[in-house]
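The two complexes that follow have chain A in common; it is paired with chain B in the first and with chain C in the second.
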Partner chain A sequence: MPSLSLFLSQLFNGLASGLLLALISTGLTIIYGTLGVVNFAHGALFVVGAYAGYTVYGMTHSFVIAIVAGALVSLVVGLIIERGLVRLFYGRPPEDQILVTFGVAIILVEIVRGIFGGVSLSVPTPVWGHGIAHIGTLIYPLYRLQVLFISAGTLLVLYFVLYRTSLGLIVRAGIEDSLMVNILGINVKRIFLVVFGLGAMAAGYAGVIDAPIVTLAPDMGFRVLVDSFVVVVIGGVGSFPGAIVGGIIAGEILSLTSMFDPAYSDVMLFVVMALVLILRPQGIMGQEGRE
Partner chain B sequence: MDHKKDSNGNPDSGVDRRSLLKMGVGAAGGALLPAVPGMALAADKPAIGNYPAGVSGDTVFIGLTVDLTGPYSAEGSDEQKGYELAAEQLNAGAPEIKKISPLTKKGILGKTVKLGVIDAQTNPNSAVQAATRFIHDNKAMMISGSVSSAVAIALQKVCDREKTIYMAAISGSNATTGKDCQRYGFRMCYFAYTAAKAISPVLAKSLGKNRKAVYLVPDYTYGHTTYDSMKEFTEKEGWTTVGQQVHPLGSKDYSSYLINIANSGADTLVVIDYGADAANSIKQAKQFGILDKMTLVVPYMAPFLGEELGAETMQGVYGGSGFWWTLEDKYPIAKDFVTAFEKKFGEKPHDSAYTAYMVTALWADGIERAGTFYPPDVIKALEKGVKRDGPVGKVWFRGEDHQGVVNFPILRGKKPSEMKNKSDLFEVVDVIDGSTVMPPVGHFGCKLGSYT
Partner chain C sequence: MNTAARSTSPLRRHLPELYVALGLIIGPFVLPYIGINSDLMTRVLIWGLFGLGFDLLFGYTGLLSFGQAAFFGTGGFVTAYLLTTGSVSMLEALLVGTVVAAITGIVIGYLTLRRTGIYFAMSTLAFGEMFFFLENSVFKSYTGGENGIAGVPPPTISLGSTVLHISSGWPMYCFVAVFFYIGYIIARRIVRSPFGAVLKAIRGNPKRAIALGHATNRYKLTVFVIAAAYGGLAGGLLGVFQAYMPPDAFTLDTSAQLVIQTVMGGAGTLLGPLLGATIWLYLYEGLQNIAGIGAYWKLILGVVFVILVTVFSHGVGGALIQTFSRKRASPADADDDLPVESHGASSLDIVPATSSAAGAPVLEARGITKQYGGLIAVSDVTFSLAEGELRGVIGPNGAGKSTFFAMLAGELATTHGQVFFRGQEITGIGVTAVCQLGMSKSYQINQLFESLTVRQNTMIPVLARRRGSFRPDMLRGLHHVQGLDAQVEAAVQLVGLSHRIDSLVSELPYGEKRRLEIGLALATGANVLLFDEPLAGLGPEERVHVVALLKSIRKGRSMVVVEHDMDAMFELAERITVLYEGRKLAEGTPDEIRADSAVQAAYLGGMDEHESA
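== the complex of A and B ==
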């Protein structure tokens, strides 16, 4: 049996990595939850943001500027994708949306590989994130602790924007009944563009935040997409609190399972996802009847 | 001869049966048979695989299933460069490749080598699809390319069925030339058993005999067999094994495994991860302060690990490798290879390119020695164990299991202050004589199948 201190360490790590997962999945949550489009380019937008952040960090040596740059580049790419392709697919079946965004993802990843090559790149931890924190018996990288708070803060801000502002109200109304919102004199198409851009930006932002923890490889986006999808399904589609709950549950499953046998941690994640789909198809915090 | 085009010749996809028969008749009618040895043998041997259709024109096609995407994509694209250099030198009859394959004139038996590339995506299914396309659509006479042993094993199974020779590139698992060996499959490079047997005494000498090791293991055949071999040989040196963290290939977040490792009581971390996974897991291990408390060992080291993590992290780290470019100081053929590679691609070759280059050269040598492309004869020529000179000394295939007997270096990461230039990341601690670390014949249960 694992010791109590190992259990507590993994419990804490589950929380921290869970909030990071929630942050990573926000882009998918925003777009899927509000527009109903399963954006398979989510992982690729994450990669675009991370590599843009890497480039700007190398040039400016300022991680804050890198975050802004990564988010902006992904925003612009997201806006172009929405205008050029995705807006033509809002009325189409989900399979079509998945295929077109998947195609976009392949193109984006190959562009990144073409520019940066396949050899892994390393973004150094920002100066203020250097060092190791001692929490009881647990030794934890300082930057990962900071990411815990960055994730929580970002999720709160996004929640506020989407649920407590008139923009959020219009977005959600537009999803429920876009014709009526149009009749009221609001340009729903523009709102959709803004939402897609916001989702893409969130993906890129998360990419830069995550970059000092991992090494960058063009294919890392695939794993990001899978993780995000699991988080959204467990937590509940279109629910921000759901994404946080889903993230933490996923993080805890991965951490606690690996305490016994890490080989089964991914398996357990999908077992839980399957259970959620069987017992509560709308997800833990999702509303019934929402697409 | 290589530029002369037969009237029925079709350089791209080979020739179908009927035109081949016509060509045979035409050649016989012209009484040219004795003057064209390849053609003479083509008439003597029964058809098998893509023989003789695949060599009825003036070209011979090699299908490359390299991983251009996925966690091993850096190695895959480096392999592609190695194949391109080998093909270029074979077609030109370059003196560099003649040192390895002395019977080579121009091309292979006078036929121009053509390469086709499909991304195997670090995925056995994609690799098998790619190989099948090469064999059926392009009449490939040889399939090559792998980084993952799961890919290599799947490919050599399908190639054995299709009677097409498969030359594995990188593959670290004991199973490739062990229980999963195939008559049509060959692997030249060092692997789990030889790496573990070679590095364990070096580790015991430099790090001591009372070490406690914990392992980070990717969950597939390469990871498991490398763990088994490292455990066996380090324990012979007096080390104890305190645990292993088996995790899925392509993991992104290693935090939970690393917390287990930090709590394992070990003083040595053995990372078996490869490619992007190795860079990612070691970077995260450093963040968790594990590398301050434990010594890092990478028995089967990914070729770009030094560049990916930098000397700051890799200094003092011991690792096995197939090749390192500074071997050029010791071996003239290594010098040839590094120079030609740098000239063509503007960078140093890594062990992925070296392996790809060498398996192509050795396959060509097998055909030249057999005097025919007829696959069973080529296989028998390769099985003869004729020793050739490679960039790291003598190299040959063992007939019983098709495992290459090849020397390879043990490396140690240099301190940043010791580096002469940015590529000077490792020092060669020792060059292992490959013949001294081979497993006994039959140790991993190899049973080769039929030639036909």
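== the complex of A and C ==
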């Protein structure tokens, strides 16, 4: 049996990576909820943000500027994708939307590979993240603890935007009934653009924050994409609370099961997803009847 | 009767098979001149075989899976493992690999098909990744983990006393080509079978396919398993061909490559994936050798792919077929005259009315209620339809007519209350089972299979009647279905579309689509029909025609019609039920309803005092 301190530290790890996953999945889920498009380029936008952050961090040596830069670059890339391509696909079948965003994912990843090469890069932990935190008897890497708080804080901001602002009200109304929102004379096109940009930004932002914990490689985006799919399938597609619940569940599964055998932790994640599909196909927080 | 389209000679019908055989034979003599060698051709065939199954799944049934690598890898590793360790023969190993992949397909299909559309794409992608992790963890001692399985022996086939050793190069090409060809013939048969017709219906309009009496989930699972089997066989052949089974067979890249090749080549053409694989692998090899570009080959491919998806939705193959068939298509000689009434040349079979309880009404609702959260759409409506009756249901907008209808047809579960069909309770058994019992509905908004012809559309309900809700008759020809043509032609004639029978539905004018909508319900052979605003959107002339049609089909059928057109309603119906704010307001003969003060008030908006906010 693993010791209590190991268990606690893994519990923290799970929460930290779970909240980060929740943040990534939130981007995916608000885009789907509002636009009805599953963005298969979501993982690629994560990569774009991470590499943009890496570059700016190298130039300015400020991680905060790197985070801002990563978020902005992925925001701009997201806006370009929506304007240039995704917009043409709103009236087309979901399969076409999936295919085109998947094509965009390949292009983005290959551009990153072309610029930075295919080798793995590591991003140093920011200076303010060095050291170890003492939580009671538990010793824990400071940066991971900070990631936990940064993710939680950002999710709180997103919650505020979604539930306390007029933009958020429209987005949530759009999730319920986009036709109705259209009828009410709201400029849905502009809203779609903003939401797609926001979703892309969430991915890029998370990419920079995650960078010091993992090693960067152009292909990492596909793993991120898979994980965020698992999160939204568990939590319920198009549901903001679902993304958070799903993210935490996924993070904890990956983290806690790796205490016993890391090789099995990924498999366990999919086993849980299978269970959700059997017992509650619409996801934990998903609504009946939404496809 | 003109059935030119049906009476093609067997030779003509099998022309594609002939061409593919010729292509496979001639290929080795021609393609090396443009730099396609035996290894490349073999690889293309393996991907083409993999793609045949995927095209059945995606191109024909419309199910976009991003997890096909799971089956490719499973078949490949099982085959390679058996060949390197066991004493089984080549063919046995390939067979076992294919079967194991198919069984895997049952499990993954059962899980992922619980949801459709985007959920399906996402969950297949995730389960595909699961297999990559399984290969590297649980099954590592069998699969070699990251090393894969090396030393897969070259194929040998024992023919009686002689043993055939197949070396790499052209012999290997021939070996794989045989599998591809068999796979192609089987896929062709599936596409042309009644089973295949249902698959196309599922792709075109899954909701209507369900409503016309097909258990679409079983069809989907079956085709998913077929695609898995194709993947397994292709994976097995890959290991044999390379003498090595690589672990990256399980990666997302493999699934993605298959999707991209299929879309590039043209989905729904069977040979599209083969064409796409040729483009992909040829580009890959070609671009690799160009200095400065080699590293960007995948970027170039990605750009080409996005352009293809945006501009040509049917891929290169689809574009070729379109230009080819446009040249051949004769100018449409459609006469726009209103069609002549049918003379009963061939009559449409109707399901015999068998009541489980003597004297029970044909259709009965007992206090049915539908509640959405706080909103009560239909409240405690009791309704009874007698044999042979034509009942009208009217009510102002928002009265709950459509919800009421959907509950009668089994499309919508009731919150409270029961529905009975000829004395048998049908509450909650679902629209497919209701249709199989002999009740069908035509929709307010056309629910047709737009990319199919009128004949193919009408076939879908007839197939459900003749074959039941599910039958895996994937290797039989359509002509083996008893009386299919007669039923289809009778139904088409009944709604006056005989002159359009081989036209694409997407090319029909609205009025004719409206009649086909009714024709689909009729073709189910239902003896109880529900019509949801059959006159919606029709001009005066078409209205007269549809009213006449509704009158003409009354013999042997009981009908319920929801309609806004009061004149038509009073002319058609013997009795009328009035719904208002989810409740039954009145019921009686047209004259009684006309005289009813409550009804008048409801229509004049005089009941405001009862309206809740």
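Throughout what follows, the second predicted complex is superposed on the first by the 275 of 291 C-alpha atoms of A that agree within 3 Å, B and C clash if a C-alpha of one lies under 4 Å from a C-alpha of the other, contacts with A are read in each partner's own complex, and residues count from 1 in each chain.
In this section, contacts are C-beta pairs under 8 Å (C-beta built on N, C-alpha and C of every residue); 3 or more make two chains touch, one makes a residue touch a chain.
Keep in mind it's a predicted model, so treat the numbers as computed, not measured.
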(request) Record, for the superposition on chain A, whether partners chain B and chain C clash or fit. (result) clash
(message) Tell me the contact category for A:I132 with respect to chain B and chain C: first, second, both or neither.
(response) first
(message) Output check: A:S120 vs chain B and chain C. Expected answer is one of first, second, both, neither. What do you get?
(response) first
(message) In the overlaid three-chain picture, which partner chain does A:S255 touch, first (chain B) or second (chain C), both, or neither?
(response) first
(message) Quick check for you: in the superposed arrangement, does A:L19 touch first (chain B), second (chain C), both or neither?
(response) neither
(request) Pick one for A:I67: touches chain B only (first), chain C only (second), both, or neither. (result) neither
(request) Check the residue A:S9 against both partner chains and state whether it touches chain B (first), chain C (second), both, or neither. (result) first
(request) Would you sort A:I191 into first (chain B), second (chain C), both or neither based on which partner it touches? (result) neither
(request) Check the residue A:V245 against both partner chains and state whether it touches chain B (first), chain C (second), both, or neither. (result) neither
(request) Kindly point out the stretch of chain C, out of 242-250, 512-520 or 602-610, that overlaps with chain B after superposition on chain A. (result) 242-250
(message) Under the contact rule defined above, give the chain A residues that sit at the interface with chain B and also at the interface with chain C.
(response) 113, 222-223, 261, 263, 266
(request) Please give the residue numbers of chain C that touch chain A in the complex, ascending. (result) 58, 62, 64, 111-112, 114-119, 121-123, 125-127, 129-130, 133-134, 136-138, 140, 252, 256, 259-260, 263, 295-296, 298-299, 301-303, 305-306, 309-310, 313
(request) Show which residues of chain A lie in contact with chain C when the two form their complex. (result) 32, 38, 85, 88-89, 92, 94-96, 98-100, 102-104, 106-107, 110-111, 113-114, 222-223, 225-226, 229-230, 232-233, 237, 261, 263-264, 266-267, 270, 273-274, 277-278, 281-282, 291
(request) Please give the residue numbers of chain B that touch chain A in the complex, ascending. (result) 68-71, 73-74, 76-77, 219, 245-248, 250-253, 255-257, 259-260, 262-263, 276, 279-280, 283-284, 287-289, 304, 307-310
(request) Write out the stretch or stretches of chain A touching chain B in their complex. (result) 3, 5-6, 9-10, 13-14, 16-17, 20, 109, 113, 117-122, 125, 132, 138-141, 143-144, 213-215, 217-220, 222-224, 227, 254-255, 258-259, 261-263, 265-266
